[in-house]
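I have a structure I would like to understand better, so I am pasting it below and will then ask my questions one at a time.
Think of it as A, B, C and D in the order they're written, each chain with its own count starting at 1.
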Amino acid sequence: MFKKILIANRGEIAIRVIRSCKEMGITTVAVYSDADRRSLHVRIADEAYHIGESSSAQSYLRMDKIIEAAKKSNAEAIHPGYGFLSENAEFTEACNKAGIKFIGPDAYAISTMGDKITARKKMIEAGVSVVPGTKGEMRDNATILKSAKEIGYPVMVKASAGGGGKGMRLVKSEEEIINAVKMAKSEAKSAFGNDAVYLEKFVNSPHHIEFQVLADKFGNTIHINERECSVQRRHQKVVEETPSPLMTAALRQKMGAEAVAAAKAVNYEGAGTVEFLVDNDLNYYFLEMNTRLQVEHPVTEQTTGIDLVKEQIRIAYGEKLSLKQEDVILFGHSMECRIYAEDAENNFMPSPGKIKYVKEPAGIGVRNDGYIYKGFEIPIHYDPMISKLIVWGKDRQEAINRMKRALCEYRIIGVKTSIRFLMKIFENKEFIAGNYNTQFIETYSEELFSGATCENEDIENISAITVFLEYLDQVSLHSSTINTQQINKWKDYGRRKGIGN
Amino acid sequence: MFKKILIANRGEIAIRVIRSCKEMGITTVAVYSDADRRSLHVRIADEAYHIGESSSAQSYLRMDKIIEAAKKSNAEAIHPGYGFLSENAEFTEACNKAGIKFIGPDAYAISTMGDKITARKKMIEAGVSVVPGTKGEMRDNATILKSAKEIGYPVMVKASAGGGGKGMRLVKSEEEIINAVKMAKSEAKSAFGNDAVYLEKFVNSPHHIEFQVLADKFGNTIHINERECSVQRRHQKVVEETPSPLMTAALRQKMGAEAVAAAKAVNYEGAGTVEFLVDNDLNYYFLEMNTRLQVEHPVTEQTTGIDLVKEQIRIAYGEKLSLKQEDVILFGHSMECRIYAEDAENNFMPSPGKIKYVKEPAGIGVRNDGYIYKGFEIPIHYDPMISKLIVWGKDRQEAINRMKRALCEYRIIGVKTSIRFLMKIFENKEFIAGNYNTQFIETYSEELFSGATCENEDIENISAITVFLEYLDQVSLHSSTINTQQINKWKDYGRRKGIGN
Amino acid sequence: MELEVKINNKLKKLELISQEDEIYTIRVDDEFYEVIAVKTTPQVYSVLLDNISYTLEIAKTDFSGKKFNVSTKNYKFMAKVIDAQTKYQQSRKQENDENSSDIISTPMPGQVIKIMVAEGQKVKSGDTIIIVEAMKMQSEYKASNDRIVKEILVEEGDKIKGHQPLVILEKE
Amino acid sequence: MELEVKINNKLKKLELISQEDEIYTIRVDDEFYEVIAVKTTPQVYSVLLDNISYTLEIAKTDFSGKKFNVSTKNYKFMAKVIDAQTKYQQSRKQENDENSSDIISTPMPGQVIKIMVAEGQKVKSGDTIIIVEAMKMQSEYKASNDRIVKEILVEEGDKIKGHQPLVILEKE
């Protein structure tokens, strides 16, 4: 096995990876930017290398610095976590060149899946269901009109190199299509330097369901069940769970097989995720493949007993998968909440700052993968995620009740958080019933974002009383009450000693 | 379901119970002594009642005060936790009289299992294997000599009402037996007010293996696998795990069936534990039944997905068991360490005191059921347990590696703890191989208790450097460096404003 | 002992009537509360009122020791103690406000991305003054009245703290 | 800046050679260490030495600010800073020790169960003076020399703190 691994990431995911390395007896190397000198991942790792200034571009995205640190520390492999360099084909090649094993798929798999038109083509070849749409680029208006008609309105115009909604357009009728394609091309050109766009059928109010896959270098590829990630805000996942409330055993088998086919089509190696859109009639369409570990991977771990980070490392080391498809179980139900330093009641403004108090939830069925501590200042430079709060329950109802209990135990002062907003999701009747799709947050926005105004006079008054007591306590501290008592005790002791003489 | 439950306990187990109540939507009532006003269970509960002075006898053992609190708060049921009043038949009857449901078995089951001679008789009737020995009291020397000869030396003399080793004697030959019985009777009389003793075959270097059982009031009784608790120090369990490294599926079925028979023999209701001694030839003998929740119950929860506290509450409410024997699974491996405030390197002297710093372990597969916080003063009046640290792994090896990782993350300053001692257990080769019995700690005492002297010059020097820096920091604080800087910044701002004018 | 505490925007008058060990009788406006209160750690209070258990976490928000964030199971409050000193300062501040300058600042730390104005420039209500980025999200800070830019205290690219004055506006 | 630090029972001489931001060069006896050290919170130091990461938790053990418990991944130390003031006090203490009294105290808080002696009584080395209970475990505290009981400062049943003087013995 590897003796030493460098983790090219920060925050909770760096700690998540380090923990599994430690359990495998592997020495861990952290890297850090200026802003992260006090970050927990630096302390929990065995070694730590400074790689640059605070901005990501000058630190966690600097391939040269990271490879230099790996060489200096004699790390044999690099785990990229998620984000940063985790889906960067160039970085995997740089690692190869430096003789360091990149823990993830090869450049071919990353770049094929990274380009949407190429990925679509590959998936169609591999027999994976894709959203009906055009196969390649569209050069003339006649082709555009014909293709759109074949697909049937409404259609989506999408950029091949796209992401984050850029170069994406919803077209409802024939009149709009030519102009929409023109606009999308122009946007795509400026955003990605590539004006290729394609047309896709618009899937109305879909579910976002993804399959975790594992593949070794010997071509053994399995899926490890699905995750339902339809609770999204602006395409950002908020709550994830497994199993999906929508899933049936038959559908899982069918979709799982296609996820495996998708991975095999690009000779995938490591852990990856194949994302699908699923409509209300349970038609499903390949959306994209994420060629790395996902933030929501723990819900899969909790329900299958598989440590996905350890599997990644074993695969990267060249081991054969120890699991066969039929060994994968699905035990109970797991859910994850992403806890962010943001002001949910104020349009989710980021809320960086110093943690003045933190009490993390614990106890039966609760796992909190975090990295903050009291006194830590959440840097302004990176993603504002504080932790992933994961629960396991024997069924969905127990998982929901446990998540509510855990959210209730979780107390953070110093930054605003999404905790109260999340609590409302777990109190929403349709969510509890398992009836939700990607439109969920929008549909119930009024309920979910209702300001938590306090209607309880007692609680206000008790808060006022507590503030009053705190003020009194401070005043008495300044007037040295405590020191006086201290002195009196010594006097008392002296006096008693005196009497004894 | 019950709307409100009073928890007649403190510390980690009170919090453990409250968490499951919260997940069931049940309002919780805590009770507390003078010493526990700042204890976490008071804060985490919905309500809290003061029940007396610090000593247990004046608070947590005061049945009248606890029942009064239950009545005042309109609690419908009382959960006793473990220890204190949890195995007190008188208390269950007092609850009955007050119209409050005691969450546990009835007085008959508690008192039958509480008296060793009566329990032995019952078990023999029920066909449960017991250690070969005398059936009743021994009135004359001839009977004693005859019985001992039948059993075969060495034999144990045990007090019927016994516990904690009092009134217990190992006899190796015929010459010693008469005197040993006389001494044991006298000790038993003064310790328990009851001089009844009996003889048992001495089981050499046994394993301590126990079975968790659940029984509803309709007579449905099942077992939920075994727990191996052979790592003991002076009859105190230190590390527990499930499954037992010794267990086979066939033996589990046989012993489990006897555990169920034992529970049925006393019309058991609720959660209980049937303890067995197992010798190296896998002969097993009923030891005793604990008619309450055990400290080590979480390892069973982690490997079966069953929340035992919730099951206790459902059974007490009169629900039928939702599980059948064939529904009980055994998924992966779980281990528990008891973290104590004690000085393992100094004969396990209790080490109460103020917690100056605490960092609890977390992450994949780790559960820490605790109750301390920074600034909390562990009271001198009660059991010095700080927390139960529980891990789950897909197999025994992963559980061991995870426990080592978790123990390594666990940092406590202010009181001495057993953490380093525990770490050595998980590094012992025979423990790792699963070859251990109740003699384990004694056998390896030299290795396990070896003082952790630091051989690393660098670490000593870095510690010295850190102390030096801390000293410098304090000196500079006293000379108000920080305040000066603060003032300078304001000056600077004022100056800049001034220039602007 | 008597003073005022502002909870969010509600002003409450408090008076300590009596104290015996951990039992406090306190009047809040016209109601009397008997609470058992202990400070378990420097930031956490455990308060029992009629045997109902409340936990309140409290953190100072500035150096005055009079402004706090208070957090309970379901709510968070901004709280402020108004004692004699505060009242005096408030009365002085009101005078200053009469011919005051507007100070543009941000509620959180970040980085100055773009300054849209120059010193001496006239701006209208709603004009963007400065753009600040934190955690990859940019926010525009606008003038709330017609003003003149008196002074710009930062440069583009500067790291800034929360509540730090960035741009000072004044009436024409 | 130069002083002595005692780690358990080893005395080490330390000197701060230079400091630039978080990089300290410190001499320990005859070895030079260049460390990157930050205090992440009031009790935790993160120290990097040759890119190896050490976390040290530190807590004061008394009010002097010179005695600490230090905890690292695998070890715990008692540490003591010996500065000029300490040295002066030590030299004075030695004088006192010449004709000093023995003070019986316990390392932890507990309750006095039984006092085995009376004031004025002669005791021999090994005689039990007092029995104290903590967490249901009783401990006997004995005289380490032949002495006379000068003063008993507690009564049976008293709650006591750690290190509190309980009984004072003196030479005949």
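Everything that follows uses one rule, which is that a contact is a pair of C-beta atoms (placed from the backbone, for glycine too) under 8 Å apart; a residue touches a chain by one contact, two chains touch by 3 or more.
As the structure is a prediction and not an experimental result, all values here were calculated from the model.
Taking each chain's centre as the mean of its CA atoms, A is the chain most distant from chain D. Put simply, the C-alpha centre of chain A and that of chain C have 33 angstrom between them. Computed from the mean C-alpha positions, the centre of chain A lies at a distance of 37 Å from the centre of chain B.
Chain B and chain C, compared by their mean Cα positions, are separated by 48 Å. Listed for chain B are residues 44, 359, 373, 408, each touching two or more other chains. Taken residue by residue, chain D touches two or more other chains at 44, whereas all remaining positions touch fewer. Taken pairwise by the contact criterion, the protein chains fit none of the simple patterns, being neither a path, a ring, a star nor fully connected. Across the whole structure, chains are in contact as follows: A-B, A-C, A-D, B-C, B-D. Put simply, chain A touches chain C in their complex at residues 349-353, 356-357, 359, 380-384, 408, 411, 413-414, 420, 452, 454, 458-474. Touching chain D in their complex are the following residues of chain A: 30, 37-38, 42-49, 72-73, 373-376, 493, 496-497, 500.
Residues 15-16, 19-20, 22-25, 44, 298, 301, 305-307, 329, 331-332, 359-360, 362-370, 373, 392, 394, 398, 401-402, 404-405, 408-409 of chain B are the ones touching chain A in the complex. Within the complex, the chain D residues that touch chain B are 1, 3, 5, 7-8, 10, 12, 14, 16, 24, 26, 28, 31, 33, 35, 37, 39, 43-45, 47, 49, 54, 56-60, 65-66, 68-77, 79, 81, 83, 108-111, 134-137, 139, 159, 162. By the touch criterion stated above, chain C contacts chain B in their complex at residues 22, 36, 38, 40-42, 44, 46, 48, 51-53, 55, 63, 150-151, 153, 165, 168.
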